[in-house]
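In the two assemblies presented below, chain A is common to both, partnered first by chain B and then by chain C.
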Partner chain A sequence: MAKEERDPHTGYLTTGHEWNGIIELNTPVPRIIYFFLGAAFLFSVVYWILMPTWPLGTTYTKGLLDSDQRAYVDNTIKQAALQRADWTARIEKENYADIQKDPRLMEVVRETGRALFGDNCAACHGREAQGGKGFPNLTTQSWLWGGTPDAIAETIRVGINSAHPETRTSQMPAFGHDGMLKSNEIDNVVAFVRSLSNPSTKDLPAAKVAAGKTLFAANCAACHGEDAKGNSEVGAPNLTDPFWIYGGDAQTIETTVWGGRQGHMPTWESRLSALDRKILALYIVGLRKPNP
Partner chain B sequence: MFGFHYRLERKAIGLVLAIIGVASIGGIVEIAPLFTIHQTVEDAPDMRVYTPLELAGRNIYIREGCYACHSQMIRTLRDEVERYGPYSLAVESKYDHPMLWGSKRTGPDLARIGNKYSDEWQVEHLNNPRDVVPESVMPAYTWLLRTKLRTDDLSNHLRAQRTVGVPYTDDMIANAAADAYGQAAPDSPQADGVVTRYGKATTVRPFDGRPDELTEMDALVAYLQILGRLTDAAHKPIASAEK
Partner chain C sequence: MIAELTTNERQTALVILLALAVTGLAMAIAGQGDPFGVHGALVMVVAIAGVFTVISGYYAPEPSDSRLDSYYDTPTKFGIVVAMIWAVIAMFVGDWVAWLLAYPNLTFDAAWSSFGRLRPVHTSGVIFGFGGNALIATSFYVMQRTSRARLPDQLSPWFVLLGYNLFCIVAATGYLMGVTQSKEYAEPEWYADIWLVIVWVAYFVLYLRTLARRKEPHIYVANWYYLAFILVVAMLHIVNNLAVPISWGSAKSYSLFSGVQDAMTEWWYGHNAVAFFLTSGFLGMLYYYMPKRAGRPIYSYRMSIISFWGITFFYMWAGSHHLHYTALPQWVQSLGMTFSVMLLIPSWVSAGNALMTLNGAWNKVRDDAVLRFMMVAAVFYGLTTFEGSFMAIRPVNSLSHYTDWTVGHVHAGALGWVAMITFGAIYASVPWLWKRETMYSPRLVEVHFWLALAGTVIYVFAMWNSGIIQGLMWRTYNESGTLAYSFVDSLVAMHPYYIARAVGGVFFLLGTAIGLYNIWMTIRTAPRAASELAADRPVLAGAPALQAGE
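And now, the complex of A and B:
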């Protein structure tokens, strides 16, 4: 090691190396770096003592604060439930009609319902509950399984054709695929069905409609009713209104009659609490628009 | 103290050893807990393994990079638990090799997506997300419906998973291709084998709506519909907390 030399201008030590008269300064690390290094180390020591840190085989150092993330989240959820308790208790206890009469309570229902709907229902039924092909519009007066808050809450609970043991079950048979109706018969039924919701449809020959009516009475009326107004006991849609789940044009109705339909709505019993389902049912009823 | 460092810097071997010593502290802290993982991770005796079809779907999930935008990890935070369901437990990823927890959410978390939506929705959504969610920014995966699922290599995939600890039986490995077909074709003779080998709770249904054809869509939807449902361990602590 070269002998220690001090630079006369700066007062720092040199490294002791010299290249053609140029001497390298051994500039010390700035004090502030040592300060932050020390501060960070002290912080970590305090953190080790207070919080869970070191693994010890099958356990770990628990820390003096007894902090536990799982207990923490359970606790915050409980706290949040307590904060809402004054109105959640009322929604849980009161019946639908009473809640609907209270504008302040319905305000909360709309706020909470919107978030619940967005997280859970909007994927299929659309953000504004407008539905889509195969996913019912929830803003109409037309309901497969009944449009009362009670009926809606039950549909949410058990689902339709779902894995729930009490599921609502609706199976429109595949009349064409399974050979129950011949293709010209399907044509006639489709003509008749189209005439129901739109009697002014011009391109429908009366003979086909009449033939379709007979076939309808024999094959379809059991579920859809003699008057084709549907049956919410079996989830059969009303065919005389302007609302269609899959579409009301000739092509789509023919596809429906030929291949059948087994729409599926999941059960929400294990995913949403009874309170959440009640709020959702009320929220959905509130979205309904009057018939056009 | 600093004098020690000066002297150490002048000794090559000594410095290398010191670097190794310091750098391995971080490694030990991360690795050491794995030695006792069987005692520290929750028990889930009822947990089932992925069926060959679900495993194929999982491979498609990895291939298409779904994990880049979707996490499978519900953190212990109130907003996540209220939106997605019970927080994820380590044991739920027991058979995930590699794990797909992810670290970025452009789309929502998928840890509990299983059975949340219908198969029809999943198919339409994967085919073109805008058809069902107009505001979605997710890419369309149109080829899944028209691409036949490759099944001849499934036995090897199962064998590889067994090597890293997933308890697949010889019977499961030998029948992987047939089981993959049977799970998406409920009326086929192969369907019974799936239930015998993987249990009654296994979902056997035509995931993409066409039982006669086994597509990548079948596999991916089968996988999505089992997410969060291999075990119900995560639902137990929450249930007890409510009481």
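And now, the complex of A and C:
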């Protein structure tokens, strides 16, 4: 027979069992536990009555509140769109110049554009839109495909060298790799190109720069222009300003001329609505700083 | 180790190892050019090493019958040391990935070092490597003592432990090669899963055989929990891993389920893995080591019954709360939510029963870091189960879901509850197992306790802050009615907390490493006199069984 003993500390009886020195008290379950069990069960029963919960073969109990999370989400989204309608309708309809003149609309553009830019553009162009190696700085006056809101919105829509059928296409040939220019010729072109944006570069021998200028006119000017100020029709960058996508040092320019460049930007037409793209274009224009 | 096996067992071991070697060879041939083949070669090498080990000890004299006069503890000793080694490795990887989240460039551009591959090494390493080994090792110890019966043979415990660790190694090396089913906490592929089923069934059978030999009239609570752990984990593992390999020579398989059914199966598994692996098993541990160490009776047998059946019943329904606001039908979500709420009561009854057991022994809690580990574990168990039920409520979940709050919750449970109770149990059993007076350095146990507690608190607070900030940022709208923050903004806000979390992890890891050192040094010090240990043995088959209560 089990021998039940009284625990001197708590005053409760043991169950009379012992395992390897471990004994158990036969303490009754405190009332409060039954109360909480009952309360939790009651909460559940009420919830079951009100909300969809129990399966019934091919259907389920719908609950008295007739709650449906899909309908709820659809409805909430509609409500939210309705609340935004006063300004969304205006941005969708009005032209860029008119929107830019309206400080209230531009406030919306700054608020909304910031998050849109962070979620969609910042991965390449950086949180502050300062760009990085291979990704243009969007806060400058220098634009590959044009810096008007219209041009920017179009770039966002079709992308650059993207999968979009109307994509902007641009490719700089690999002058060295494909044998169009010899190594010493590339040196000369590089010297000339560097002298364009940095006239104070004293270490460049005048003869090299002059030779480079001739080569530039023959090989590069078709895209970059006689004056090397670029051509936004073909996405050719301006080489006379201090902004560089891949880098303006001799080494990087040489790499560029040798191997060519072909940047990529995805198309956003199927990912962002026309409204969002319009907001982004306006937002990006607003980031621009005057030339240093 | 081989000397402890009978000749018969040595032969059986050879047969098993040879069969394993042949399987490994077949895998290596069939899976050439695939990670499957690499794992085949690994299995073959391990099995052949095992064959040589058995052969080298094959002609050692058989163990005498006097062995039956004592509990068989060598597998437990092995399991405890291996668990601690897994703990150090897996927590190191955990802290590594914590730094990786704060500084993503630390992958050094290698595939194996990417977050996606290292993270399961951490999770499987701590859950299965550390937790699993500790559970198996302590279950062998506890079931023998609470049944007053020696393990039925010497080979099965080794098969279970070594086979289990082979599974862990195949899993972890597979992750680094990119082998994964992409199911959280069930990442290992089909062949590793099949092997684990074999090992697990052997474990279950071993447990039942020992219980069947028991000399106590009643089955102690700890055994209920250990058995629930073994039985339910087998069921979960088999169902969730039903899959079809794309060929017999490939590691890749496709799940039997698809879409939302697959997600629901996965979280039915995932949540019950938390329940029956990380809760039931460790409650078994608590139910033995805490009263033993405190020298106090379990506060209430009746509360044990309520909490055991409450936990076992309610947990099964709760998994769908991992899929709130997803494609899962709403009724499944709300049903899971109500069961998650009810689950709180038996969980708190367990935690309360544990803490009330310490009544009359609080002075020991103050003085003894080992018991304090167990006390803090019970407190964190209570906190985490409350938090879990709270987060399962749909509106709360809409804030917490996908944020670091979840990560903080998991670690409150994993560090505060699972690891703390395990450290307590291990520190309690190491001197008992190796017949020492105390641990090599009780002071280092104290140091470990405070490092572990500080690490846990830093970690959990960092993730609470980070998670709630993140959740709020994701749902904040500006006056125009559009989202106020981009996702990157929330990453910037989380960065300092990520660093804090990684620092908390360093504390915890450091404590674990000190623990391993302390255990190692305890093993190396001299044993105490044999006479003191005379009572620690099973009742022999010939002797009359003890009456209940004696």
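Going forward, the second predicted complex is superposed on the first by the 244 of 292 C-alpha atoms of A that agree within 3 Å, B and C clash if a C-alpha of one lies under 4 Å from a C-alpha of the other, contacts with A are read in each partner's own complex, and residues count from 1 in each chain.
One rule holds in what follows: a residue touches a chain if its C-beta (ideal position, glycine included) is under 8 Å from a C-beta of that chain, and two chains touch if they have at least 3 such contacts.
Only a predicted model underlies this, so the values are computations on that prediction, with no experimental measurement involved.
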First (chain B), second (chain C), both or neither touched by A:Asp187: neither
Which superposed partner A:Glu154 touches (first chain B, second chain C, both, neither): neither
Touching partner for A:Arg127 - first (chain B), second (chain C), both, neither: both
Chain B versus chain C as contact partner of A:His9, first or second or both or neither: second
Touched partner set for A:Thr76, first chain B, second chain C, both or neither: first
Which superposed partner A:Glu111 touches (first chain B, second chain C, both, neither): second
Touched partner set for A:Asp241, first chain B, second chain C, both or neither: neither
Touching partner for A:Arg271 - first (chain B), second (chain C), both, neither: first
First, second, both or neither for A:Pro55, with chain B first and chain C second: both
Partner with the higher number of touched chain A residues, chain C or chain B: C
Residues on chain A lying within both footprints (that of chain B and that of chain C): 54-55, 69-70, 80, 119, 122, 127
Of all residues in chain C, those that touch chain A in their complex: 145-146, 148, 216-218, 220-221, 288, 291-292, 296-304, 306, 310, 325, 329-331, 334-335, 337-339, 341-342, 344-345, 348-349, 359-360, 478-489, 492, 547-550
Parts of chain A lying in touch with chain C, wherever the complex brings them together: 1-4, 7, 9-10, 12, 14-29, 33, 36-37, 40-41, 43-44, 47-48, 51-55, 60-61, 67-70, 80, 83-84, 87, 107-108, 111-112, 114-119, 122, 127
Interface residues, chain A side, partner chain B - complex: 54-55, 57-59, 69-70, 72-74, 76-78, 80, 119-120, 122-124, 126-127, 132-135, 163, 263-266, 270-271
List of chain B residues in touch with chain A within their complex: 29, 32-33, 36, 39-40, 76-78, 81-83, 85, 87, 115-121, 124-125, 131-135, 235, 237-238, 241
